[in-house]
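We just call them A, B and C in the order they show up, numbering each chain from 1.
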């Protein structure tokens, strides 16, 4: 193999690397949650947004806590998460511009058909959690500062349980995303709090099914915010705002409502509901 | 990628998302192998041939760095490339370039350590001749690297294999963005966490097949080269 | 421009080479001057190779000293050596010679022509494109010779140049030695082939167990060996 052939191959390889991937397209980075990714929502709505505006949305799916961190560091242009109190604090601290509500879904308590905590009959999440603790039934927590994890901690609090102090070996904190938590629950026949969207899309169910749903406290609101360009001047504020505007517009809200798995709608748009 | 398709169906239908993922995996890991070779081969040869205080310690550290945990490298590069980090103005976080950078750092020690061993062994054979021809250090490095080229291909393959197999570094610095920074390993991690285990397993087999093909090609190149150049 | 400094005569004074507990060479007093080849003879293990390396400057003496043209610097731009088992670079025969030419500072534009000359000198013109490692033992010896001559040395050291060569190849090598000697190159050669020594030597040095037992011009050495060891050796008997 002559030097010239090798040089040609290297040049070709470099061209491959430097080539199309991100040079000409307009793009933004959106830090979002694993639940929106794992449910397939983005796969449905982002192509519609791109067709309408030509803007490519690059979604980095992390837990809500990590996404907010990413926003604070300026590594994303837009945040799309589900922890209202934390989002409002993010804006108050000056890291974000305005927070816009976008959609909601609900959490469901998933558990094994054998129901060791005996809670199948109740639709009260607080009663259910108290029973789980009382019977020391196995419970999987995401433990990753995600919106779901924060919601779970809030529910323990609502049930009057200081979970940090009162947990036992029945409470397994895995520090991973929703899919991983469901996999673990499936493998160990345990209870787990999940968002409905990820649950519907989840395949590896084993013996698991929904045991508690419909409680108002299981309501899960999603919000979107632009990262503050005053703190991070490189943030693509026009493109980012275009994404936010589309999400809360009629077109975006319809796209969200249209996303269904097996005929079930996963997310419910509510951008125009005051105080959402 | 379609929800319910098996990996087999995706391959047969030439699913564009799968092709994008495979193409990105190859570009990232092959580029990292090339970059790591540019850094690691001369460095390994230098350590093999030069004598300097602390040389033995350097060799120990270099060998130890072969075991750098990918996730630690990923974290370090993430902190470097983050907008809040020292190289933030490069704007490289969550891009394939960041992934190549992280993997290059990860596998450069492997290539350097293996090159050092190969060159040091070869030096025993070549030392007299090169000394008799008054070849200086730079000339010795170049001559031995070229003469050892077939053995060094194995070192490059070891580096490539390690890069192609890892997920910890690329998922942190790349962000596993659909259609942009999703590689075979990060796709497997994602499908596993979504509970689509058959698809994840299928993708895993595709990844192994690709690595085998790359190794086979390298073997072919080596054999052809040996026949031509002895 | 000044003429390059001469490396001759090579003078070894009271030189010894000691490695650990082993004394490989001792009490070496020898002068290698321009002219006919000097041949080192003696049984294997006697120190011939070490003495060649010492005179070449690859090895520093543990005691005593070595000077080249009166100087003590070991830089060997005017000396070349062919080892007993030469190492071929992993490239063609011609490539090996061009490598040596490059190392000797020959301009790129001249290398092809000079390589062709050297290949012709050692009778390898047709094998220029063959991978050097695929040449036979004899061909590799000749190639190593061509390589050594690339730097146009003043002194050429040869370690067992005809060992393991068939008679035809041996003759070819001996012819080259005669040719380069005629061109003024000083050849210093170690051999245990008595016939070769008789045919080529101007001066003979007998080494036994690390010491010079006898050193004389070839005619005297072979016709009238002075020492008991030399007589044993010339008679073709084993010298223990």
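Criterion: contacts are C-beta pairs under 8 Å (C-beta built on N, C-alpha and C of every residue); 3 or more make two chains touch, one makes a residue touch a chain.
None of these values were measured; they are calculated from a predicted model.
The chain with its C-alpha centre at the largest distance from the centre of chain C is A. Chain centres defined as mean CA positions place B nearest to the mean of all protein CA atoms. By number of C-beta pairs in contact, chains A-B lead all other pairings. Mean C-alpha position of chain B lies 47 Å from that of chain C. Once the centre of each chain is set as its mean CA position, chain A and chain C turn out to be 79 Å apart.
Mean C-alpha positions place chain A and chain B at a centre distance of 33 Å. Per the touch definition, chain B reaches chain C in the complex via residues 125-126, 128-129, 131-135, 139, 143, 146-147, 149, 228-230. Of all residues in chain A, only 1, 10, 13, 16-17, 21-22, 29, 34, 37-38, 40, 42-43, 56, 58-61, 72-75, 176-180, 182-183, 186, 201-205, 232, 234 touch chain B in the complex they form.
Of all residues in chain C, those touching chain B in their complex are 56, 58, 75-77, 80-81, 83, 86-92, 99-100, 103-104, 131-134, 148, 151.
Considering their complex, residues 3, 27, 30-31, 34, 82-85, 88, 91, 93-96, 100, 175-178, 180-181, 190, 192-197, 221, 224-225 of chain B touch chain A.
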